[in-house]
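Okay, so chain A shows up in both of these, paired with chain B first and chain C after.
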Partner chain A sequence: MDIGLLGQYLANGVMLGTMYALVAVGFTLFFGVLDVIKFSHGDVLMIGAFTGFTTYLGIVAIGIENPWVALVAVLVVSIATTAALGALIARYLVLPLKSAPPLNILLITLMLGTALREGVRLFYPDGSNPKAFPALLPTASLELGSFSLRADSVILVSAGIAVIIGLNLLINRTRLGLAIRAVAQDEETAKIMGINYTMIVLVTFAIGSGAAAFAGIMNGLYYNEVNFGMGLLLGLIGFSAAIIGGLGNIYGAILGGFLFAGLQTVGAVALPFASAYKDVFAFGVVIALMAWKPTGLIAERSSDRV
Partner chain B sequence: MKDDVMKTPIPVSLPPLATGLIAVAACAIFGWLFLLAESEVAVLGLVLLAVLAGWGAQKTGLSATLGTAMHQHSGAMNGAIVASLLAVIALLGTEHFPLLMLSTMLLYLVAALGLNVQFGLTGMVNFAGAAFFGIGAYTSAVLTTHTAVPPLLILLAGGLIAALIGALLIVPVVRTAGHYSAVVTIAFGVLFKTFLEVNEVLGGPQGLMVGSMNVFGWDFNNGPVLMGHEMSFYVNYALLSSGLAILAFALTRRLERSWLGLALDSVRLDETASACFGINVVRAKVLAFTYGNILAGIAGALYGMMISFIAPNSFTFSDSLLMVSIVLLGGLGSLWGSALAAVIVVLVPEKLQILQEYRFLLFSVLVIAMLLFRPQGLLPRGVRSYFPGGRAQR
Partner chain C sequence: MTRTASRRTVLAAALTAALSISLTTPALAKETVKLGFIGPLTGGVSNMGLGGRNSAELAVDLRNKDENAKYAYELVPLDDECKPNVGVQVATKLATNRDVAGAVTHYCSAVAMGTVDIYHKFNLPIIVWGAVLPDITYGNEYAEVHRVNGTMINQNEVAADFMVAQGYKSWAIIHDTTDYGKGHNTYFTKFLTEKGGKILGTFGVTSDQQDFTAELTKIKELNPDVVYFAGLTPLAVRIRQQMDKLGIEAEFQGVSGMKSDAYFAGLSGDLAEGTVTFLEGAPAAKLPGGAYFMSEYDKAGFGENYEAYGPFAFAAMNLLIDAVEKVGPDRKAVTKYLADVKDHESITGPISFDDHGQNTVALITKYVAQDGKWVVWEDSEYASGKRQLKHK
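Take a look at the complex of A and B:
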């Protein structure tokens, strides 16, 4: 195969991997602090993308043309909205069910995801049709033979990686991160040490959901399109990525995200059947990986107390 | 379904059996009226009446009386329920659409019973219910158009193929627990739908035609002639789906009451403890998973033949969630609960066309409220109680 084309696929894979890793990090954070799966994550991402889109329309309506200003406004508004939404979900749907069977939380967030998805489809103006997301980034490209490196892709990937690194530093180097890790390790001891448990849980959900909004905007900018169903697949991919990496481990989430993107790329390029089967192939491999390593590649260390 | 109607105070002196029979008859009349109701106002009024009746039955202790009736005279009560179901079908006779709705509801009930064994008894999650339903439907599409296999056998084949494809998932589902097995089934559901959409042999996004049901030369697409009146051809399907639903219900009830059901229950409550008491946890899970998939596959196969045209869009993840909603609204492990919830989830949006568009939203919100405020479901499953030498209660 032509080197340039290979480079193109590689660039595309890195882009997808960054996006998936951002979603997967959210799943891992929630699982870390509360041992719960918040399956509405993908749809929160979709809400983030739609909020961003609406903000853009608003910005244009008041006559601001500069794309950088618009981009900053879009990011700030959508991250703030989804962070608030994430905290609300944690406060009113997840925490009240903390003592119920874990299945109930999975179900309630799955249903919430459906409700959000359907809500946008039914109540957003013309919500059932895809929306053209504006191209806010410079589209200049660098041609290297048949390989063209677009400036917007480079900016998106570097911003995404910066967010992931930032989140990692936040978790591992700050006092807030210390508190989050303490709650994740042992809720009761953390409370005894004077950590405001509820606050930390809400903050963690807000952070994870904000990261999802970032991924949603990234997705919109990359594909120039947002639609109400985008969250289902992205959420599922993020969930799978977090799980094949190993839940509760931020490196596992990153590994899983890039692995899934790699599988999709391989499925689209290197396999003998049509590229439409790439998701079938990627999910098939995920199921097989789960059979082989039931708790993920970087396994969560756990033992049952009886 | 059983304590829907009857809000008038019942004289206390009436024996439970009589109360029960009156309630069943009232339900049948209610169901008949509901299925025939045309205007939105009438439907809304009937829904309101049912809600009031359900609430009244709780308050006046009627549901407790009904519970006693079901328990003490299970033969007579079950007979009466079957008879009234048949009576409703006979009364609807020539109406195509209500019969189609009734049959759809019954087939969803069959699938939900299977899911209930997985979720409610064994505590296994399966978010690919609609996918297994779809496997059954596609099996019947392929077999009716390309082979001469007798359609009754095709129903079985639908169940078997669903179980076989489900068997591919058994290793990951059984080895993993909780969230991890949820992702396996969700991924499978999405994979299945994507696969159907891109596979040209199976019709792609346009879907496939399905041949009709045919039992020993009796073509189901011709309406039976009864006493000179030609009935709707959906009568055939309604009768067959009733038979299937009754069979599935009886079988699931037997399974629940047997020592196998006890093993499934104990696996749900505590895997480690069950293993310590010598219950083969893996075998129990394989049994529950396969049983549920077979039921979903059979129901799907008949559903395909009934609507005679299937497309990937009928078997999406949202449809799987709708099936899960049936199980949860009714109450985990509660078979009558699933029946009641199937009525609510399938029939109500069909009758209230304004709700049809909003049904996924409506039921997801309803399930959220249910999980928050009444996690045991509408008709909670009773506690199992065994007496030495006696038969299982409830």
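Take a look at the complex of A and C:
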């Protein structure tokens, strides 16, 4: 195998990894703050992608042709709407059940995910068919031997990584992040210190859902297609990535996302058996990793609390 | 008991008489016969299913307008979503409804494979209108199962012949891991190796896979003349899209499952241009009864196109109605009638079933994507030499 192809595999893997990491970060944020697993996360991502797609149709309908303007509008509307949806879910479904067994929250968000998915399928015009997402980014490509690098892929990966770094800074370097970490560590003490608990939970869910919307748009721009079922597998992969990385740890989520993408690529390319088994292989390795390190590769720092 | 029954009959007779006098519509006096239709009415290939359903509906409507028809017909359309589990549910629902005399079923081979047992169990005679996997008719001994369209055996033989004749030497195969994709892979591989083509790699993918960059990068390394994809339109769109992203210059060859207008709707730019695919039968315009079918379809004012298999659904429904007209709405009698169908006239040409209920027509048409449409190869600018297929 020549070096160009190796580069190509690497570029593909990084692209996938960025998307997975963005989803995994959401799972980790929710778990860190509230100790809940929100299974509707993948479908919230799909809602983000569809909101973006609808915004684009609206922009075209009012006659704006500039792809950059369209892109900004798509991102702003989609992230804002999805963040609001995330906060609503936290306020009306997750917080009221906080003192119920964690299984109930898991179940209620699982059902919410199905409701969102079926809702789009049934009520979005022609929602059961895949939609051709517009290519809003420049498609010029750079050919280096057998390695072809496209401008849109580079922009998407850079933007994705920038968002991940931004989130990381937000959590670790700002007052808001400090409050989120305080709530994550000890809810009672945080409240005594004057932190508005409900507000912090809502903001965290909004941030996580906004990141999912970004991943949804990224997915649409990269594959030029969105469909109602896109969140299902992405949600599952994001969740697994968060788990192998170590739930509750943002670095773990990033590591998990890239690890999973790497496993899939290796599964499809380097293994002797058919590429149809790449997901089986990737999830199999995840199972093995979990058996080896039950708390994830990077354990949550406060996981030893009682 | 008998008294109530006879009273009811008298009442019904009186009512019918009164109605036929007041309205003078003989149709009201006819017994209503229910006929089923199953296809993917939602989901990624719903355009195919809706086209088929409309065509079947057209056959029913036209017969209902015919004053010489012995029965009034009612279509019961059901949605299998192209998913085997859903298909089994709706097939059971249809088969257990004793009012249904027969049905025209399935576009998706994977679904048909799961439901033929049910039709056999409940003695429901069916005619497949679009699924092309050979095993649907040849994999069992069920007298109830018939098919008007050809199979993927014929399709892939023609495909292999044609592509070798175009001067291509090496192929990479991507197929979905349903019965449909695997079947195409088997037959294409068989015919292609016989004719001297070389297969550099075969990749199975799941039917809802989103990312193909890993498989395609491997294909880029193998550097084949042609990428052959066996599966349905949504995946074909994704693969073609991602081939371009990775800069793969090979010719893209498909199967009947992607001969749909949705292929163009899903692709941006001129990525579709030059893709070749193959389909059993011939385009509606070239069929013996094509002009009649197309004008009636237009007149009916359906919202959707009849798509590639609409004429087959129409022919299948017509054949089923002919059977009911002849022997009455009795499942076993209809099955017996269908067993002996020979040179039965239809808009797709004469229908003759062999002892497995398979129509022996082997007409295959080659298509190429030209300017956002599927054009019959012989009529295209590619055949006339004005444009060229991709040769590395």
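Definition applied: the second predicted complex is superposed on the first by the 300 of 306 C-alpha atoms of A that agree within 3 Å, B and C clash if a C-alpha of one lies under 4 Å from a C-alpha of the other, contacts with A are read in each partner's own complex, and residues count from 1 in each chain.
The rule we apply is simple: a residue touches a chain if its C-beta (ideal position, glycine included) is under 8 Å from a C-beta of that chain, and two chains touch if they have at least 3 such contacts.
All of these numbers come straight from a predicted model, not from anything done at the bench.
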So, does A:Tyr9 touch the first partner chain B, the second partner chain C, both, or neither? second
First (chain B), second (chain C), both or neither touched by A:Ser148: second
After lining up the shared chain so the two structures overlap, which partner does A:Pro138 touch, if you call chain B first and chain C second: first, second, both or neither? neither
Kindly classify A:Leu233 by the partners it touches after superposition: chain B alone (first), chain C alone (second), both, or neither? both
Going by the contact rule set out at the top, does A:Asp279 touch chain B (first), chain C (second), both, or neither? both
Considering only the touch criterion stated at the top, classify A:Asn224 as touching first (chain B), second (chain C), both, or neither. second
First (chain B), second (chain C), both or neither touched by A:Gly166: neither
Quick check on the superposed pair: does A:Ala291 touch chain B, chain C, both, or neither? Answer first, second, both or neither. first
Which of the two partners, first being chain B and second being chain C, lies in contact with A:Leu110: first, second, both, or neither? first
Does any part of chain A touch chain B in one structure and chain C in the other, and if so which residues? 233, 274, 276, 279
In their shared complex, chain B is touched by residues of chain A numbered 31, 37, 93, 96-97, 100, 102-104, 106-108, 110-112, 114-115, 117-119, 122, 232-233, 236, 239-240, 243, 247, 274, 276-277, 279-280, 283-284, 286-288, 290-291, 294-295, 304, 306
Give every residue of chain B touching chain A within the complex, in rising order. 119, 123, 125, 127, 169, 171-172, 175-180, 182-184, 186-188, 190-191, 194-195, 197-198, 272-273, 317-318, 321, 324-325, 328, 357-358, 360-361, 364-365, 367-368, 371-372, 375
Chain C-facing residues of chain A, complex: 1, 5, 8-9, 12, 15-16, 121, 128-130, 132, 134-135, 141, 143, 146, 148, 150, 153, 219, 223-225, 227, 229-230, 233, 264-265, 267-269, 274-276, 278-279
As the complex stands, chain C meets chain A at residues 42-44, 46-47, 177, 202-206, 208, 210-211, 213-215, 217-218, 220-221, 234, 237-238, 241-242, 245-247, 262, 265-268
